[in-house]
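Labels A, B, C and D are assigned to the chains in the order they are written; within every chain, residues are numbered from 1.
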Amino acid sequence: MNLEFTVEELAFQREVREWFTENVPASLKARSDNGQMPDKDEQHGWEQTLGKKGWLAVGWPAQHGGPGWTATQRYIFDLERARAGAPPASPFGVSMVGPVLYTFGSADQKKRHLTGIVSGDVHWCQGYSEPNSGSDLASLKTAAVRDGDHYVVNGQKIWTTQAHWADWCFCLVRTDPVVKQQQGISFLLIDMSTPGIEIRPIHSIDGHHHLNEVYFTDVRVPVENLVGSEGMGWTIAKFLLTHERTTIAGVADSKREIERLKQMLKDTKQGSGCRWDDAFARRRVAELEIDLAALEYTNFRTVAATEEGKGLGAESSGLKIKGTELQQAITQAMVELGGHLSLTWDNDEPVGNFAFNRTRERYNFLRAATIYGGTNEIQKNVIAKMLLGL
Amino acid sequence: MDFRLSDDQRLLDDSASKYLAGQYSFDLYRKQLSDGIAFDSSRWSAMAELGWMALPFPESVGGFGGSLVDIQLIARRLGERLCTDPWLTCAILPGKLLEFVGTDSAKRLLADIAAGTARGAMAALETNGHYDPGLIATRVTESGDGIRLHGIKSVVFGAEYAHVLLVTARAQNGEAMLVAVPSTADGLTLNNYRVVDGSRASEVVLSGVRLPASAVLARGRVVIDAVKRAMDVANAAICADLLGAASAMLKRTQEYARTRKQFGVTIGSFQVIQHYLVDMFIETQQSESLVWMAGILGDTPDCADREQAISTAKAYISRSAVLVAQKSVQIHGGIGVTEELDIGHYFRRVTHHAQLFGDRDHHVQRYMACQQRDGKC
Amino acid sequence: MNLEFTVEELAFQREVREWFTENVPASLKARSDNGQMPDKDEQHGWEQTLGKKGWLAVGWPAQHGGPGWTATQRYIFDLERARAGAPPASPFGVSMVGPVLYTFGSADQKKRHLTGIVSGDVHWCQGYSEPNSGSDLASLKTAAVRDGDHYVVNGQKIWTTQAHWADWCFCLVRTDPVVKQQQGISFLLIDMSTPGIEIRPIHSIDGHHHLNEVYFTDVRVPVENLVGSEGMGWTIAKFLLTHERTTIAGVADSKREIERLKQMLKDTKQGSGCRWDDAFARRRVAELEIDLAALEYTNFRTVAATEEGKGLGAESSGLKIKGTELQQAITQAMVELGGHLSLTWDNDEPVGNFAFNRTRERYNFLRAATIYGGTNEIQKNVIAKMLLGL
Amino acid sequence: MDFRLSDDQRLLDDSASKYLAGQYSFDLYRKQLSDGIAFDSSRWSAMAELGWMALPFPESVGGFGGSLVDIQLIARRLGERLCTDPWLTCAILPGKLLEFVGTDSAKRLLADIAAGTARGAMAALETNGHYDPGLIATRVTESGDGIRLHGIKSVVFGAEYAHVLLVTARAQNGEAMLVAVPSTADGLTLNNYRVVDGSRASEVVLSGVRLPASAVLARGRVVIDAVKRAMDVANAAICADLLGAASAMLKRTQEYARTRKQFGVTIGSFQVIQHYLVDMFIETQQSESLVWMAGILGDTPDCADREQAISTAKAYISRSAVLVAQKSVQIHGGIGVTEELDIGHYFRRVTHHAQLFGDRDHHVQRYMACQQRDGKC
């Protein structure tokens, strides 16, 4: 056993750290220092910067335009990314449709789409959930009916993050209404500029606009945009669920957030001292750090197993559950430890420590962390099946 | 032991419930939220006519001599309806502060508040004071004919709707003072903003505000003691507000679990969802018990008994209401984190009230201090 | 609303307190001061003392030999009982079979059995659970077959608390193997000296013997020992579940245990001070006290509702769940706050504070609190049905 | 990063597992428990032959130079099997104390322990010291030709099986000393008793025990530092023991949930039971991660790094193993609280080890102290 990075990995870490120091825009860092998320231009600009360096599609093999890094390198990269105050890349292109395309896509699809994802020039969104198909995704109803060289898509998607920022959408659609639920689902790539697509914003309780409803009315999608064959949609969706687990626990960002919280407590005066003088506040932080250490070393074990080429089973499925619970616990501590400074909402001027003024945003935003991508309850059902051999 | 409401209390509760059902709604709340408003003068007048402003104040100032439980009955209904009208922050809190300060000038001001003709706001906390009203950097300097105020009071709830701000400051010799600052005073600036529950607060900047000596309502130890006691009254009301909000969330979530289908069955048929709901129900029941405990035992000038009662209730309820709110959102799933549905708004209201004038951590520590003092203050 | 006791109630409290001060045997008090349970002689002797005073069957109406107290008086009595360091009366006679008999029993049954329960001279145990019928009580199999003037009982009961101390057992038995599960069950009184009964001890993880297996082999029980009619067993069992809720939360004993814990911390030196100097230890106690206050006032509300003659619904069903969780939390704090002093088991001489040496017993014993009388999970299922209108 | 065991470690782990499976059993454990015994000389010899006593000590004293992870591999198997043999308390803990003290006389004694020919016991804690080995009331007085010891050392694990007790005491000038007290010394009394996991400990009463000056193994700051470091080694092993016990409980509880039927179905078909099991599984996984973290990062003389690593692991695992133990009992129901089934015995073992040499509370506080010192000791 050995928990140290190799000499090469340490050199890599230095290289990455230096690059981030030089390349993260000050405005982006300022936002994340206050716990705020970037806007569209900042996010896309940053992804293009990463793309130019070749560090956007970090999980991809070299032959598809990725850097060909090991799992440890990807983990180090993510640590340094969060440490530098840079946001994670939007997952829809690089972590989701990209791997689907280089695994299941046709030569033409790869040629057409991969470059734009790698460069950060083309942005994607994910059309999975529907109003009556949230946790029960297999019941989705959006229909794609073959009509000559096209599918004609009708239906409605919901909770579509960044649909209003996206050029393309990868969708689960029903191509066969007769067969058993999962079997009639296909995976379709839809150009968001196609006529018949209407996007309606959904405002979230953090006060921002991330989510959308997307309505499809007689949207004509060329058949060459079908990935794999008809009915393969469910298989592809399941593939994505077990892909790429090195960063799912959110360790890098949680580490940064705890450091930020400590700094906020030290920077906030209380009488003649500061909030960090409160032993109970320090204890709360310490307990979060201890929980984070457990998550971090479990994540290390998963990374190491990935390096050994081992399959990822129930061992890593807990990472999402614990990781999201911890993200929520950290933001809740941030909100609560700020006292009345955390109660301000739309003040432009700082009220005391501005970082505390903005804690509520991340706290509210992260309520969704235990819901999206399959609620934690659904995740537990899945793990229970494995444990009980059901 | 008797937990029944009196006939008068039942009437009060009914009228509050009916008034809000008729004159307030989620749509109205959302419109105010998007307009950046948390006040309506016709509703304010109506509430005054219903007697809500005079309710808990002595008859000598035109009040009805109501109890802390009476305050809680209204607060619970406000929480239940997401109402952001500044009844607590512009009438009850400043009014109680004036009542507890008890000087003649304070009583005169209180009479106006009780009559609904004036609104106040308590400007006691500062950015470097956490929840401690004793940590005051704002300075008052006295000269022959008057005083001057310098400093910033922080997160003053309802300040932009107040005619008079009740400002705490310290004299050169360290003595605390309570000063009535008219909202029109020269050198007074309000920086207004929305707070988490959708209501409004302000940074109150005092840049050498000049006032006559008569503006000093009280000085000495009574000032901080009165602020603390007024915050305790507010916390009893906040506990009831949290109960109202949490009960509303539980009710909506039960209904959602009964009707929302996934996997061909209602989500309420899943045992884990059922147990979540039971946990929420039990927490709400236990919270209600402590709301009334705080209402009864917190209505006393004895600071040891009062602080223990209020801190027990707030420590418990701020945790349990947050748990109920979090689980409600979780059971609702995606729709729970949107502005469309009221659940997310209740969630924010609970977040806000759970830490308004002290979160669980603060009140557990105050409870411990009460225990260590062994009944003495 | 009013939380104060009346003048009469306060006088009653004084009377009860004085009586306890004078009448609780020193040996009993010494045991409970160390968190230990009484042995058979102490328990039965104490119940007889209460019986002589007329204060054993405290929940009973006067016409059956109870003191005819109000719910508030019963609550006060329980508070003072715990405060004095006296154990609760064994529930099987006074809280269970007694109320069943005066509600459902024949005149002969009342005449024969009630006096012995009221006086504390006759001791009972409860024959409900079976090896394959724990949570699922309705599946019980112990058979009572009519044979002339007798039922012939065959089967096995388990988890029978104090069977080895008992003179009589009230049993759920199956008198009809054909009808739907619940309908074939009857409520039978069995004299423990009847031939064919074998008691085998079950030792608990607290190191003591409370529980037993009871085997019935051709045990002949006179038909006059059937309570109500054949098939009424389930109705009677359900009646018992919702009977008497004023003490189910265990508030009185939890209050005493927290006081005891505080005293233990103050009595235990640490360096030049004591364990109570540890702010984190004090905080743990404070959080327990706050939780107890919530339970106590919820219990008060239930007591007040009982006084008003209101039915007890889901509102009071939470009392058992929260009450048992709190009992467990208090004993866990006791064990943990004692440090290595809590790790000793069978030392006769004190190792530091003897009360800490014995904390493990109650901690281990109370693991059963969330299991017996229907696990907390089963309780939650029941409440959920009410909440969801199922 | 690499969490794989080396070939040697895999061999060690396999042999420990196989040895205990063959030579130890639940029946044997129960027999020892009822006989008041927690030692077997033939097993002790066998363990010595397997190299378990020499394993983690320097080659210079006849040891194999093994690592802290090596110790953990054995400890985990002992926990998994409920084994109460005093390997940790009579060999590893006193041996490590001697190694860290490092004087010649300490090394000579260590050589005997490593050879399996002598057993020691660390007598460091006292009744008024909680977990702090610096709080010592036991006195050593020095005269020309020797020393005398007065005092009581508390809850000395394995003392009744030890040939020599390693006693900490303070001289008149406050200096700490480590003294080797033979079990046969005049004036030494052991009051023996069972402890919660079924093993044995003693109050060690020193009534003017007279020893030659050579019995003093070390004096000064090194004594307390070495005790703390030895306790950290023990805690790394205890974490592994807790992991072994919790994993065994999880395995048995999964099996029980798969097979036990109520209401006509297996209890594992209930969603709430399923989620309990998942929580237990995740806790066990996370605990395992920190066991190895502590094994690797705790194996250093640097006290800041070591204390943080050990306290992180112990704080986390002592909570999570207790949760696993409690849920295991709950899922088993009645049978879980009896002496008949091993579950209840594992429950006690977990209770014991979770607070042996510091519970969660103690280690969270020590973690906080590490943070406050900012990496300095």
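A few comments on the model shown:
Everything below uses one rule, namely that contacts are C-beta pairs under 8 Å (C-beta built on N, C-alpha and C of every residue); 3 or more make two chains touch, one makes a residue touch a chain.
In this text the structure is predicted, and so the values were computed from the model without any measurement.
Two chain pairs, A-D and C-D, are weighed by contacting C-beta pairs, with C-D ahead. When every chain is reduced to the mean of its CA atoms, the largest separation from chain C belongs to A. Taking each chain's centre as the average of its CA atoms, chain A and chain D sit 43 Å apart. Centre-to-centre separation between chain A and chain B, using Cα means, comes to 38 Å.
Each chain gets a centre from the mean of its Cα atoms; for chain A and chain C, those two points are 52 Å apart. The multi-chain contact residues of chain B, meaning those touching 2 or more other chains, are 270-272, 275, 365. Each of residues 279-280, 283, 377, 380 in chain C touches at least two other chains. The residues of chain A lying in touch with chain C in their complex are 279-280, 283. Residues of chain B that touch chain D in their complex: 270-272, 275.
Chain C meets chain D in the complex at residues 129, 132-136, 139, 158-159, 202-205, 211, 268-271, 275, 280-281, 284, 328, 332, 335-337, 339-349, 351-353, 360, 363-364, 367-368, 370-372, 375, 377, 380. Of all residues in chain B, only 36, 125, 127-132, 135, 154-155, 191, 193-196, 201, 203, 261-264, 270, 272-273, 322, 326, 329-330, 333-334, 336-340, 344-345, 347-348, 351-352, 354-356, 359-362, 365 touch chain A in the complex they form.
Those residues of chain D lying in contact with chain A across their complex are 1-6, 69, 254, 257-258, 268, 271, 274-275, 277-279, 281-282, 285-290, 292-293, 295-297, 312, 315-316, 320, 364-365, 367-368, 371-372.
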